[in-house]
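Following this line, the structures themselves.
You will see chain A twice below: alongside chain B first, and alongside chain C after that.
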Partner chain A sequence: MESQEGTLPLGSLNIEQLQNVQKSTEQEVQSLTEQLTQLTTAQQRILSSKRLAKEFGKQPEGKEILLPLSGSVYVQGKLCDTSTAMVDLGTGYYALKTLEEAEEYFQRRAAVIKDNVDKGTQALVQRRQMYEAVTSVLQQKMAAAQRQGAS
Partner chain B sequence: MGDEADLSWVVHGHADEHFGIPKVIFFDDVEKVVKEHEVQNTLQNLTALFQRYKFWETKFMKNKQGLQQKIPDVKRTIDVVKTLQKRSNSDIDEPITTRFELGDQIYVKAEIPKSDSVSLWLGANVMIEYKHEEAIELLQKNLETAETNLEHLESHLNFIRDQVNVTEVNMTRVYNYDVLQRRKQPEASE
Partner chain C sequence: MGSMAKTKSELEKVIAEVRDMQKDVGKITNQQINLNSQLTENRLVEQELSLLKDDAEVFKLIGPVLIKQDLLEAKGNVSKRINFITSEMKRTDDQMALLEQKQETKRKQIMDLQMKLQEQAKQGAVQ
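Now for the complex of A and B:
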């Protein structure tokens, strides 16, 4: 129903209808904001993976490290291949890539997410404007109704 | 809690079990209680008690969730150390080649040379290197502690739920008694 907002002037709605529109718009603003935060954290994580892929290539092979086997167990180990990395593609698929390819892959993923973030931000701005418009019309109508009731 | 309500007459004194959380008294004789303490006062005290029980309940629930996450984690850690121990006790001298998580969604290759120790991250920025046996012993002890703690929490939670129920029943009984009294009153005055 929101998609037809252009065809239906807000002024023609009564108070109850306006309140409904206000409520649903508010919910949309909220869920969009949540989605945006999620997307932004995802984007940051991917960008950090990309940085890691880049840095990892600079490490010499045979370098001694403490490697994590789980969150709380570490063992002495050595790097034995600093030119490839296994990349988690999601849904249980992994791909062996060179570090350059991995970097490129993360770059691409980040770009897609950035696109979504931009779109989401746009939608959010639009919804916010809508919310403000509805709120102001609603306030006007409420004030008018009150005046009528008083007279 | 700001208002120090006197709860001494709604709960049993000295509680040793369950972290000293008091046990609520079931009002056998609502009339007697109300005569002694008045309806408003009784309901107020019961509400204060109810809120305390709810506070303890959320606190214990949080602890329980933490433990429920921790226990499988410790189990997995023990498995990892046991696997390493088996390897180090075997005749194979070649290093283990594996991949580890470098970052989100990215895994890289490394080899683990034969060794008889692991480093455990103990938290609070402390990591200590242990021999395999010692590590397993420590982890096993942690696991046991966590499991007994979980059991205790479970029993505390059950206890609290009982207390919440009794408190609610008390509140309802006092309230209903009051309603009945009020209904009777106009008849008496007529």
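Now for the complex of A and C:
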């Protein structure tokens, strides 16, 4: 088991140290899980933007729509240009893009996020394995200590 | 006993100082995380701006309105911001290094004081 963890000889740590390692690994697992959830939401948002950009292009010009002025007030409007869209680039910058460009843009963004999701998942799997290894060594040590105390 | 109480209160003072420093470390760490994510976002924007055609229309969201901006100006602003963030990161790194150094000295102080306390306790027991 320990050899899988590479440089860390878990068996050489005492119970207190193991508990510390266990705790910090648990925290890492938690924060990684949180990060991954956030990333997945961002990914979904971007993919739905991408899909919507595509759908929007299929709408006929002149089509009547309702524009939200606020959450509860809508005004009538007509589509007059279904070939371009304003795209949020981040930090307050927006750019007018053709729908194809917009799709490409969202594709790029999604790829960056997917990369991060993959990396995060890998790290999470690793940390989980580490956590399990530490827990099992810790249990063994505690059981041994108990046996010693009993005899 | 009087000297022991003095050492004890001194020790408590130093421990409290270290605790304060740890709070500062936490604050700086948060700043670093913030700066890092800002940097990432700005880098992404910079990259996207560089991919735009020269005549592309770029807008900046100011409050609830989009204001048209010159692409070159936007690029300039973003790279200025990246510079600013990078220098801020350097500043927090320096702060952190300094703080670690200080903590290290204080830790040594704590160990010395603890040793002193033990000595004094021993002497007290002998007397």
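Keep this in mind: the second predicted complex is superposed on the first by the 146 of 151 C-alpha atoms of A that agree within 3 Å, B and C clash if a C-alpha of one lies under 4 Å from a C-alpha of the other, contacts with A are read in each partner's own complex, and residues count from 1 in each chain.
Note that in this section contacts are C-beta pairs under 8 Å (C-beta built on N, C-alpha and C of every residue); 3 or more make two chains touch, one makes a residue touch a chain.
Just so you know, these numbers come straight off a predicted model, no measurement behind them.
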Joint occupancy of chain A by chain B and chain C, clash or fit: fit
Partner chain in contact with A:68 - chain B first, chain C second, else both or neither: first
Inter-centroid angle chain B-chain A-chain C after superposition on A [Cα, multiple of 10°]: 80
Chain A: partner with more touched residues, chain B or chain C: B
Partner chain in contact with A:150 - chain B first, chain C second, else both or neither: neither
Chain B versus chain C as contact partner of A:82, first or second or both or neither: first
Touched partner set for A:52, first chain B, second chain C, both or neither: first
Superposed arrangement (fit on chain A Cα atoms) - minimum chain B/chain C Cα distance in Å: 9
Interface residues of chain A shared between complexes with chain B and chain C: 86, 90, 94
Residues of chain A that touch chain B when the two form their complex: 45-46, 48-49, 52-53, 56, 65-82, 84-88, 90, 94, 102, 106
Residues of chain B defined as touching chain A within the complex: 73, 76-77, 80-81, 84, 95, 97-113, 115, 117-122, 127, 135
Of all residues in chain A, those that touch chain C in their complex: 86, 89-97, 105, 109, 112
Chain C to chain A touching residues, read off their complex: 41-42, 44-45, 48-49, 52, 56-62, 66, 69, 74, 78, 81
